[in-house]
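Look for subunit A in each of the two complexes below; its partner is subunit B in the first and subunit C in the second.
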Partner chain A sequence: MFLQFLFISSAILTLACTVAVLVTKNLMHSCVFLLGTLVGMAGLYATLGADFVAVTQIMVYMGGVVILMLFAVMLTGGKDFVSRAQNLLGLPASMGNKWTYSMGIFVGVVFILTNVKLLSSIIKTTPTKTIGNDFPSTVTQLGHLLVKDHVLAFEISSVLLLGALVGAAIIARPRKQN
Partner chain B sequence: MNQTVVSYLAQYEFFDFLVAIFKNNQSLLSFLIYLIFALLIVGMCATIGGLGTYAERKISADIQARIGPNRVGPYGLLQFLADGVKMIIKEDIMPATADKMLFYLAPLLCLTGVFATLAVLPFAGGFIMTDLNVGIFYLVAISSLVGVGVFLGGYASNSKWSMLGGMRGASQIISYEIPVTISILAITLLAGGMGFGTIVSNQGGLPHQWFMFHNPFAFLATFVYFVGALAETNRAPFDLPEAESELVSGYHTEYTGMRFGFFALAEYIEVFVVCGVATALFLGGYNIPGLDIDILPLQAIQFTIFMTKTLLLYYVVIWIRWTFPRLRVDQLMSICWKYLTPIAIFNLVGCAIWMVAFNGKSIAELVFGSH
Partner chain C sequence: MMSLASYLIISMVLFVVGLMVMIARKNIVAILLGIELILNAAALNFVAYSRYVTSNLDGHIFSLFIIVVAAAEAAVGLAIVIRFFQIKETIHVDEATQLRN
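Coming up: the complex of A and B.
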């Protein structure tokens, strides 16, 4: 019962903050509400038993991505974006016309219907109670999966991260003056 | 399943008695136990944070050959209460051009981030709110909320001093998270788990059983962690975000009354938490020398041992603050990226190689045989 209460409150937090991100006119405030959304999602993961994923969510998004966004918004002048256009007609012409919007809505409807079709089979079947495993914790299980079964994906993603690191170093290094 | 306070108490007979009182409503009972423990721990740590300000002033006075606060209560001990009352009755000023919502939110974010870390701090065997099996990772993650709070506080005040302080604070906290996390990772290798219960129970009460003296790499990692933690809590010599000689008071320049108090309290409690983590990871935690059992009366001793080690580290933190001059911004960044991070990575690799090469044995076990 307590877990259900936590799950529902996390879900409400996520939804409310997501709506707030979309509705608020101040870009800085959107970023802060996004923080609430991501914390709420971490709460959902935690109540569903994926504690490692929940903590990683907090670590990566709250400690890294949101601060990065706040920096970016602040350094590019967050104050100037306070009154951004909200309605479709107020948007500049380069954003699209009614044909592109109606195309977008059509694609969106098809996408949602496809997802509903795919998910309906999952909703109908009742999930099995516990997946039999002999690992003491999710951390151990994830570790075994990462370095045994999915070691290739793990290594490829580490190469990707290394590339990002080198790229950042090249961009940030002082240029030679001659 | 994670070990928690409730599951610890459930192994004693009086728990059944309590369950009977609550008419078998287990979830209400565990909620109440969590509530009581949360209030206890938060109250205790808030008091420690308050006494931290007193200790800071008294120790700095000792170092500078002054007397320090000595009027309120015996030895001036109640000074922090007087300060707290003063803060509460002060006028709450909101700068006219401030961003109201973020201005109110920032100190609360700081305080939330710090209080949330107390959930996994191991005070004694069983006396830990919840022994998450991702404990230390959770602590590192949730304490990054403090960085967001510092940054937003600086931004929302709409003043140049606050802005500079907030930006310095955020960049400093993010940068120093890296060597700190890598040093912690080296210790999780030695312990074979991220939960505080696992980490502490893999050490012993005597110094040669501590992870600090497990191998040379872990010894180095201790100092990397400590320096990084000083920087993460914005303590001198890394107190650039609130450098009073250049930025008035940094990110909390515009804050008055209890909102400023929240920032100060968060900082002092965070220092306590960081020292507690250092105790648990490197200095043997709450282990009693020669004994490793968690029965109920012995936990008072365990608690005393944990607090003694933590408060000694707290003393060192204050001592460092009043000894070293402040760094420049470029020195701060070069220490983090050019020295601490490479050393931390070297330690991580070294610990991994040590664990494979010597089959997880510590130096003491190799030299003197089995302990």
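Coming up: the complex of A and C.
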């Protein structure tokens, strides 16, 4: 019962905030709605029994990525927010115009149609387990998997993070000659 | 109510909205938001299949690595955005026409 409630509320939060990310006018509001989407995703992970993934989602995404996004929006706000109100939807020009929005809606509709077609056959043929309401902790198993079966990907991701951080610092540093 | 199909439908909506954000918006930060939505859709699919189809936790591992890669991608992408803003004074994606500087 609680699980059903958590699933329904998380799903509604995720879907509503996702649509709000698409349609809202202010980019700052988009970032905050993305935060709502990620909270809902963490709830969905919790209903799937993925406790460690849910906590990682909250810590990394909401504590790191969305804060970075908000900093980038604030650092690059500039004239895009104020001066370029021109297109038919009443949005700033950096939010796209009617051509890009109609192209996006077209691609979205085509994708949904093909995906419904695919999903119906996949759901009919995929054997799904009957699962109970038990949620054993996955942390111990995940730790063993990370250092046994997936240790190469683990090490590669650490090198990737190091390279990404050094690269980001080098790219974003101010240059004197410009 | 709670079945594989409902999770797949939620993930499909997330993916489609992320794709529409990437296509419709002209702001580079908004395009990065769309990429985050698409990566989240993929991670949700992995965890849902891991719970309902397989009996191991490999889908959770995939989701964790997706989160790690998304964090690295966001750091590098936002560094590029800030550098681009220092040069062009805007983050309109149509202004990104040269690779120099």
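By our rule, the second predicted complex is superposed on the first by the 110 of 178 C-alpha atoms of A that agree within 3 Å, B and C clash if a C-alpha of one lies under 4 Å from a C-alpha of the other, contacts with A are read in each partner's own complex, and residues count from 1 in each chain.
One rule holds in what follows: contacts are C-beta pairs under 8 Å (C-beta built on N, C-alpha and C of every residue); 3 or more make two chains touch, one makes a residue touch a chain.
The structure presented is a predicted model; accordingly, all values stated were derived computationally and were not measured.
In the overlaid three-chain picture, which partner chain does A:V166 touch, first (subunit B) or second (subunit C), both, or neither?
Neither partner.
In the overlaid three-chain picture, which partner chain does A:I12 touch, first (subunit B) or second (subunit C), both, or neither?
neither
Which of the two partners, first being subunit B and second being subunit C, lies in contact with A:M1: first, second, both, or neither?
Touch status of A:M1: first partner only.
One more residue to check, A:L146. First (subunit B), second (subunit C), both or neither?
second
Which holds for A:V55: it touches subunit B only (first), subunit C only (second), both, or neither?
In the superposition, A:V55 touches subunit B alone.
Return first, second, both or neither, reflecting whether A:V32 touches subunit B, subunit C, both chains, or no partner chain.
first
Quick one: classify A:T76 as touching subunit B (first), subunit C (second), both or neither.
second
Once the structures are superposed on A, label A:L113 by its partner contacts, choosing first (subunit B), second (subunit C), both or neither.
After superposing on A, A:L113 lies clear of both subunit B and subunit C.
With both structures placed on chain A, which of the two partners, subunit B or subunit C, ends up touching more residues of subunit A?
Tallying touched residues of subunit A, the top partner is C.
Which partner does A:G64 reach: the first (subunit B), the second (subunit C), both, or neither?
both
Where on subunit A do subunit B and subunit C both make contact?
52, 56, 64, 71, 138
Could you list, by residue number, the parts of subunit C that touch subunit A in their complex?
That would be residues 1-10, 12-27, 29-30, 32-33, 36-37, 40, 43-44, 47-48, 50-53, 55, 57-58, 60-61, 63-65, 67-76, 78-83, 85-87, 89-92, 101 of subunit C.
Could you please specify the touching residues of subunit B with respect to subunit A in the complex?
2, 27, 30-31, 99, 101-102, 105, 132-134, 137-138, 140-142, 144-145, 147-148, 151-152, 155, 167, 170, 174, 177, 193-195
Would you pull the subunit A residues touching subunit C in the complex into a rising list?
Interface residues on subunit A, with respect to subunit C: 3-4, 7-8, 11, 14-15, 18-19, 21-22, 27, 30-31, 34, 37-38, 41, 44-45, 47-50, 52-53, 56-57, 60-61, 64-65, 68-69, 71-73, 75-76, 78-80, 93-97, 100-101, 103-105, 107-108, 111-112, 115, 119, 122-123, 126-129, 131, 138, 141-142, 145-146, 150, 153, 157, 160-161, 164-165, 167-169, 171-172, 174, 178.
Along subunit A, where are the residues that touch subunit B in the complex?
For subunit A paired with subunit B, touching residues are 1-2, 26, 28-29, 32, 35, 51-52, 55-56, 58-59, 62-64, 66-67, 70-71, 74, 136-139.
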